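A, B, C and D label the chains in the order they appear, each numbered from 1.
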Amino acid sequence: MNPVYDDQPREECGVIGVFAPNEDVARMAFFGLFALQHRGQEAAGIAVADGQGMSIYKNVGLVSQVFRQSTLDELRGHFAIGHTRYSTTGSSSARNAQPFMIETVHGPLALAHNGNLVNSAALREELLEQGVGMTSSSDSEVMTMMLARNGGAAWEERIKHAMERWQGAYSLVLLTRDCVYAVRDPWGFRPLSVGLLPGGGYAAASETGALRTLGCRAIREVKPGEIVTLSNKALVVTQAIQPMQPLARCVFEMIYFSRPDAVWGGKSVHQVRQNLGRELARECPAEADVVIPVPDSSVPAAIGYAAESGLPYNDGFVKNRYVGRTFIEPTDSLRKRGVALKFNVINENVLNKRVVMIDDSIVRGNTTGPLVKLLKDAGADEVHVRITCPPITHPCFMGVDIGTRADLIAHQRTVEEIRKHVRADSLAYLSLDGMMRAVESADGYCRACFTGEYPLPVDVETTKTGFEKGIK
Amino acid sequence: MNPVYDDQPREECGVIGVFAPNEDVARMAFFGLFALQHRGQEAAGIAVADGQGMSIYKNVGLVSQVFRQSTLDELRGHFAIGHTRYSTTGSSSARNAQPFMIETVHGPLALAHNGNLVNSAALREELLEQGVGMTSSSDSEVMTMMLARNGGAAWEERIKHAMERWQGAYSLVLLTRDCVYAVRDPWGFRPLSVGLLPGGGYAAASETGALRTLGCRAIREVKPGEIVTLSNKALVVTQAIQPMQPLARCVFEMIYFSRPDAVWGGKSVHQVRQNLGRELARECPAEADVVIPVPDSSVPAAIGYAAESGLPYNDGFVKNRYVGRTFIEPTDSLRKRGVALKFNVINENVLNKRVVMIDDSIVRGNTTGPLVKLLKDAGADEVHVRITCPPITHPCFMGVDIGTRADLIAHQRTVEEIRKHVRADSLAYLSLDGMMRAVESADGYCRACFTGEYPLPVDVETTKTGFEKGIK
Amino acid sequence: MNPVYDDQPREECGVIGVFAPNEDVARMAFFGLFALQHRGQEAAGIAVADGQGMSIYKNVGLVSQVFRQSTLDELRGHFAIGHTRYSTTGSSSARNAQPFMIETVHGPLALAHNGNLVNSAALREELLEQGVGMTSSSDSEVMTMMLARNGGAAWEERIKHAMERWQGAYSLVLLTRDCVYAVRDPWGFRPLSVGLLPGGGYAAASETGALRTLGCRAIREVKPGEIVTLSNKALVVTQAIQPMQPLARCVFEMIYFSRPDAVWGGKSVHQVRQNLGRELARECPAEADVVIPVPDSSVPAAIGYAAESGLPYNDGFVKNRYVGRTFIEPTDSLRKRGVALKFNVINENVLNKRVVMIDDSIVRGNTTGPLVKLLKDAGADEVHVRITCPPITHPCFMGVDIGTRADLIAHQRTVEEIRKHVRADSLAYLSLDGMMRAVESADGYCRACFTGEYPLPVDVETTKTGFEKGIK
Amino acid sequence: MNPVYDDQPREECGVIGVFAPNEDVARMAFFGLFALQHRGQEAAGIAVADGQGMSIYKNVGLVSQVFRQSTLDELRGHFAIGHTRYSTTGSSSARNAQPFMIETVHGPLALAHNGNLVNSAALREELLEQGVGMTSSSDSEVMTMMLARNGGAAWEERIKHAMERWQGAYSLVLLTRDCVYAVRDPWGFRPLSVGLLPGGGYAAASETGALRTLGCRAIREVKPGEIVTLSNKALVVTQAIQPMQPLARCVFEMIYFSRPDAVWGGKSVHQVRQNLGRELARECPAEADVVIPVPDSSVPAAIGYAAESGLPYNDGFVKNRYVGRTFIEPTDSLRKRGVALKFNVINENVLNKRVVMIDDSIVRGNTTGPLVKLLKDAGADEVHVRITCPPITHPCFMGVDIGTRADLIAHQRTVEEIRKHVRADSLAYLSLDGMMRAVESADGYCRACFTGEYPLPVDVETTKTGFEKGIK
C-alpha cells in the first residue's frame, strides 16, 4: 500500500478451530478470526461440520467483509475451523483462500494452515505422478491430498503418517465430520494453543488473545509434534512425532507478529517486548531527552527502554488508523512537498529534543529514513534509532515474507552504512544475545533470518519455484 | 423467478472452445459464450492456455457480469475454452462453476461440460477409494480426475480410455497447454459443432449460432464418439469409440433449447420448428381466426401453423424483456387483481376472435392456464392450445431439468384433464410420429421424456443422490 | 452500447403515478415502472407519500437493479410516483435522476417528468435572479421550484399558473402529501393515461400497457392541457389550459417508442404498426420471396406488409436478448472477420431468396448497411429495405434524442444516395401521407422531424445549451 | 457498532479547503480528508472549481471507499473543498452528504460545514415562506440558499450578511468559481485553521494535523468571526463580525475529538492531554501500582498521570484495530461467556496489581463497567477509574452528539452511584477548575455540557425537531 512507511516482515496466516456443543460455532470462529485479523488481511474463510456433512465459505477481503450475518447463518454445526490469510500472490488469491476442503473416502476433510512446507514441491510432484490432479498451487492442497491417500484406521493415524513426510513449518487445524484437530510441526515454528470454552467445548488458535476473546480458560500450547483432538470426548493429546532438539520457534512472533496480549512459550509477549526495550537500553544507551515508539508494535519496547534508561516516555508519532484502506497515493511531487499519509509528528513533543526512536525491525530499510526526516523536520535536535532485534540478513522459508536476500538492507551493508542511509544521528541494533536474554531462552528459537543457520535443510530453488509451473 | 409464467425445460450448459493463432482468444471465447447465454444464466467461466501455462476466471452471474475488459485482458493465450451454466443447486454454485481446471502429471488440464453422466456417483466412489480427494460434487471433477489418472502417451489416448468408462451425455471441450479438444458421447445426446475461423484457427461450440457469431465457415458437427483436436495442425478428427445405434440426440434442442439460427443434424432449427407447426396444423386443426405464438420460442412453429392452416398469423402477447432480472414478485393480492409481470396481451389482436395459441411444451403445467386466462380476459372468444410435442411423462437424466416424475402434469393426467385444468376450449399435442416427421427422422433421437424408454440403463437412485453426501 | 446495430431514436422517460388506498403502493409503482423499462434504462426512482410526509429512493440502473425488497419496504404510503430515465449526460446522471423532491411552504412536493421544456433555460435564469439556488441542471427542478413559488390556495391552481409559463413537452406526475396529479401539456406531445385500479384507487402512466400490467380498467387518456387528480375523492379532471389546435402528438410513439400493447389516441399501436406495413406494401411493393422484420419493433409492420403484399412472413434475424448488458465490444479486427454480437441471420430462411427487410426508421444510418450485409452474406439474392416512416431530416426538441441535424443521414442525402450507402438493392420510405393514413389522422401529430415545421417556436441555441454553464 | 465499548461523544464533521495553483487539487483535498477521517466515518465528498464551472462527488462511506483514482481524475481544477461526515440519521445520509452545491445568480456555490445552527429551523421556515423549495433537511442547504438570496457586490459581503443571521456553531469552507472561503462563527465553537502550501497556494482544515499532512507551513487559526479568502491573491482576512466575549471553544476538542497532533488555541492537544493527566494525578491520586490508558485517546493523559504521580505507565488493554468494520455482534449468550470484540487485557501487566485506569469521559456509562470487569477478571487487585473531565450533565446543541439529558449517566446520579454502577474501587473526575488549568485558560471555552450554561439561547424543541416534518 504505502511502500514508504511499510517495512515489516509479513505473517502468512492465522488459524482458529472450535468445537462448541451448545453454541453457534460459525459465529465463534468469526470472532476468533476477527481477533487474528492482524495476521492476514487478504482472504478469510470458515468451514463448519455438523456430524454429517460440511459447509464452507471463503472469499477475498477482511474477515468483516467476507462474512455477513446471512453467511454465518448458513454455516451450521458444532465443529468449525477458520483461516485468515496474507499472501503475496495477488490474482490467484481467491483460488488459494483457505480452509481447503475436499471429500475423501474417509469423509469430508478441511484444513487451515499457518506456515510453509519446504518440501512441498517434491510432495506435489509425487502426488501428480500418482495420477492425482491438483486444483491449486498451495501446499494446503498437497497436505489434504496426502491425508486423503494415507491409510490407517483413524484420522489421528493418517495425520501422523503425513507428519512424518512434512518438512517445515505447519500449525494446522483440521476439520472432519465430527472432530477438530490442532496439529503442530515438531520444530514448533509457528504458535498454536488450545483452551477450554466457558460454555463447554474447546478452541484452538494461533494466538492466545483469540482464545481469550472467546472467553477461554485453561489455555495451553499445542506442543511441537502434537495432535490435539477437539471433540465430544475430553481434549485428547497425542505426541505424534518427537519434538526436534532444539526447537525452532519463530522469534519474530515475539518481536512483531503476535498481538501484545499473546502468551507464547509461557511468556507474555508484551513483557518480552518490554524486556527487549530494557536490554536495548542497557546495550545501546543514548544521550537523549525522550523515548518515542514507532506505533503500534514498538510501544512496549519503548516503555521498557524508557523505564530502564530513566528517560521519559512520550508519543512522537500519530498514526493514521485508516491507512491500509486506500489505494490512492501521493504523487512524487506531493511527496516531495511533505504530503505524508501514514504518520504525523506531534511537533511539541520532539521540538528541540534529542529523541530515541524505538522500532522493532529494519527489513528493506525504506521506512526508517522518512521517519527520521519527519522528526528532524518537526524540530528534533538529534534522532537515535534503536532496533529491538539484530540486523536481518537472510530470507525466511518457514512462512514469513521478508523478501529475498537482495531485498534485505542489512545483507551487504554495515550498521554504519545503514545509519548514513537513514540519516540518523546514531543507529544501534539489539545483539543476538541480548535478544535471547529478553526472550529468556538460550536456544529453542529459530534465528535463521539473523544468522543464516536454518533449522532444517532448505533448497532455495525448489522452495521458491517448482509449483508455479502449469497453472498460473 | 416467475413461477407462474415459466414452465420450460431447463438446459444445463453451453460450451465453447477456440484456437486462434492470431487473435485475442479470451475475447473470442467471451463472444461465443455471449451467444450461448440462453443455455445457462447462472455462472460463466473461461480458461486460456498460452502454450506454457493456463489461467482461468469464472464466477456466478451472466457472461456480461462475470467478465470485464480487465478480466479478459489477463487471460492471454491462443487456446481457450468457456462455459455458461444453468444449475439448480443454488448455494454451491460458485464452487461448481466451470471450466474445471487442474494440474496433472501431464500438465494443466481444464474441462467444460454439457450433459450428465449417469454413472458419475460410481466413478467418484472409485476415485475416492483410490485415495483421491475431491473438491466438489460435480461430474466435471470426476472427469478431470479420471483423465489425470489415465495412462497413455497422448491426451487423445487418455480421453479415449475415459470415454470407455463414461456412461451418459457429454459434449465436452478440453483445454491443455497447447490444444483444445472437442469430445462428444457416442449417443450424441447434446449438440457440439466445430468450424473454421476466418482469421485462422478453429472454434467449437454447443450451437452453430455461436460459431457464426465468431464468423466461422465450414461448420461441421462433432460426430457421436469423436474427439476433434483444435491445434496448430489441421483439424484432427478421431473416432474414439463407435457411435451407438440408434443415436439418441435430444429432441428438445429442436423444440426449445437451441436458438432458431442453429443447424443440428444437418437441419435448420427454425425450419424444423416451422415443420412442427405445419405438422401440428395438419394433425390438430382448429376452427379459428388467428394464430398467435407464446413468445419467443414458439414464433417459428406459429408461423408454420399459420402458413399450413391458412389462418392469419399475428402477435398476441407482449413479453417484458426485463423479466428474469428482478426478484420482486407481485403479492397474491396483487396477482389476483391481475398484476402480471411477464406477458401483456395486445387486446385488439384477439378481441372477439377465436385464437390458436401455439406453445412448445407443457412441463409442470403452471403457465398455460394463466396465459389462457389473459387471452380470455382480453376478449378472446375461444382459445385453442396447440403444443409442438407430445405430453412429457418421464424425467430426463441426460442433463435437462424437467423435475421428477411427480412434477410432470402429464404423468397421471389425460389430455382432457389437462385441458380442463388450463381452461382452454381445446388442447392438442403433436403426436410422436408427427414430431419425428417434422425432424425428418424415424429414429436417431432420444424420446425418453415422452416414452420412458431411456437409451441406456438408468439407476434413478444413484443418479439423483450419491454424490451429495459429505460435502454440502 | 453497440453503435453498429443501434440506430433508433431515444425516448427520454416513462412516468407512473398510483393512489391505492388498500395496497402496497411502492410495489405497484415498481411494477408499473418495470413495464415502462423500455422507455429509459439509465436511472429509476419512486417517491411515496403517506398523508403526512414523503420518502424517496432513486439511483442509477435498471428498475430491477435500483429497487430491492428492502428498499420498497421502506417506502410506505398510499400515494406514489415513479420515473425511469434515459439520458445522454453520463456522469451527472445520479444527480439528475427523478422524481425530483423538495420541501415547500405548501408541504413536500415530488415531480416526475417525460418531455422537454423549450424555455427551460429562460425560466431557470429567472429563478436564479429571484435568489433561488438550483441544485441541478434539470428542467424538473425548474418546474418544482416554480410550483414552490407560485401562489394560489390549492395545488391545482399553482399547477395551472405554471402551465401558463411552460413551453414544450411535459407529461408529468406530481406527488404531494395526499394527492397524485397527472398533468399533460396542451400540445399533447407525449402520452399519458389514467385508469381505475381493481382494488380501489387510480393509476396514471406513460403507456396503457403499464396500466394493464397493474390490472387497470376504464383506461382513458389524460387530454392535452388537463390536470387529473388522483386522491381519496373520485378522479377529478380539470381542463387547466385549452388544448392547442392542431395537437402535436409525437408520431414516433406510434412508430417505435411505445410497446405494441399500448393504445394511444384511441388506436392500438400494434394495429397502427400493421397499418404502416400495409401502407408501405401499397406504396412501395417489391418483387420478392419473403418479408422479414428487424426485431423487435418492426415485427407488426412486417406482418402487415406480408399480409397486404401476399408475400410470406418469416423470421430472418435472431436478436441476442443479452445485448445491452455488456460493455465489451468486438475489436475492429474481429468485426471485419464477421463477429456480430446483436444479430445473427437464420440462413436457411433467406438463402437464395429475394428479401424485403422492414425497419421502423433510419436515423444516423449506421445500422442498415451492416444488416443488409448480414443478409447478403447469408445468401440472400436481393435485399429490399422498406422503412415505415419518411426520411428524418430535423432534430427534436420535445424530449427525443435523434442527435443534431448533422447527425441525420437524410439531412443532406437523397434516398438513392442512402440506398448506395447501405448497399441495398432497393430502398423506400413510407410517405408522410401514407404514414398519416396509417395513424388515421390528417393532423394532430407533430411531424417536425420529417418536415422541420415545429409546433412551437424553438431557439436552438438556448434549448441545447444555456443551463450547462456553472454546475457541470 | 459495539454499544458495550463505545461511549464517546461523537463529532459531526471535518472540513478541508484547498487553493493550489500548481497541483492536482482534488487529490490534495482527498489527503486532507483522509487525515480528518476520525471526525466522521459516514459520508465524504469533494467539490472542485476550475475558474469556470464546478464539479462534485460525494457518497456514503469512508473517504477511501468513496474516492477512487478515476473519481479524483474527473474532479479537475485549482479550488476545492471537502467534507467528512458523522451522522445519526441513517437512511437519509446519502442525500445529506456534503459539500452541498447549488447554482446561484452569482454563479455556482458549494459549502461544507462543521457545526450546528440553533436557529436553523426558523431560517428554513423563512426561506420556504419566500417560495424557495428545499431538497433536504440539512442546515447546510439553509446556509447556501441564504447566500444565494443575499444581495451584495461580492461573496464576502453576502457571507457577512448571512453570518449576522446565523446563530450557533459553524466552521465553514465555501467554494465559488475561483475562490475558497474559510468562515468561523463569532463564538469560535469548532476549530478551523489555514496554512501556506509548500508548492504555492493555501489550505484550510478543521485540524492542523490535516494541514501538516499536506505539508503546510505558517499555520494560523481562522479567528472567531473571520472570513479568510484563499485565492490567487495573498490570503485575505476579513473580520466580518466581532468575536463574542467570552469565546466558547468546544473543550471536547482538547479532551477527545482532535487528533493529538493538533494545535488549537495556540496549544498542543497532546500536551494539553498530558496536562489533564497531571492535574488529575494532583487532584485525584490513587494508591496503585500501575497507570494504564483506555486506548487510544487516553494515552497522553495516562502518560501525564504516570509522570506526575511517579507510578509506572504501562499498556493494559489491546484494542482490536478492526472493530468498527463489522456489523456482527456477539449474542448475549456469547457476551455473558466473555466474548469481547474490542478490547483484550494484557493479563501479565495487571495481574495482582492495583490499577489506575485513565479514560477521557463517561457519557452514557455503558463502557466503563465492562472495562473494569475485564481488568478484574484478568487478576487486577483494585481498579481506580480516573476521568479527565467533569461529569457530563447536559446535552450539546453545537454539533456534538452526546444524546439527550436522559441518556447521560451523570444527569441524575452522584459520582458514588456511578462508581457502584461501574463496580470500580474508586472513581474520580477532574474538576472544572482543574480542566481549565490544564487548557491554561480561565474562560474562552464552552463548558455547557458540564454546567448547562449555554453560550447562546437554545430552544431545545426547535433545535431537535422542526425541520424533520415534511420530507422524511
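Throughout what follows, a residue touches a chain if its C-beta (ideal position, glycine included) is under 8 Å from a C-beta of that chain, and two chains touch if they have at least 3 such contacts.
Just so it is clear, the model here is predicted, and its values are computed rather than measured.
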### Message
Using the touch definition from the top, what's the fewest steps needed to get from subunit A to subunit C?
### Response
2
#### Entry: Chain whose average C-alpha position is farthest from subunit B's own
D
### Message
Measuring centre to centre with CA averages, how many angstrom lie between subunit B and subunit C?
### Response
36
#### Entry: Mean-CA-position distance for subunit D and subunit C (Å)
49
### Separation of mean Cα positions, subunit D and subunit B [Å, integer]
60
### Query
Among the residues of subunit B, which are close enough to touch at least two other chains?
none
### Task
Could you classify the connectivity of these chains, where an edge means two chains touch, as line, ring, star, complete or other?
ring
### Query
Among the chains present, which pairs are found to touch?
A-B, A-D, B-C, C-D
### Task
Would you pull the subunit C residues touching subunit D in the complex into a rising list?
53-55, 74, 91, 101-105, 107-109, 128-129, 131-135, 137, 144-145, 147-150, 469-472
#### Entry: subunit C residues touching subunit B - in the complex, by the definition given at the top
23-24, 27-28, 30-31, 34-35, 37-38, 62-65, 67-69, 72, 197-199, 209, 212-215, 259-261, 263, 268, 270-271, 274, 296, 299-300, 303, 307, 312-315, 318, 320-322, 325-328, 330-331, 333-334, 337-341, 344-349
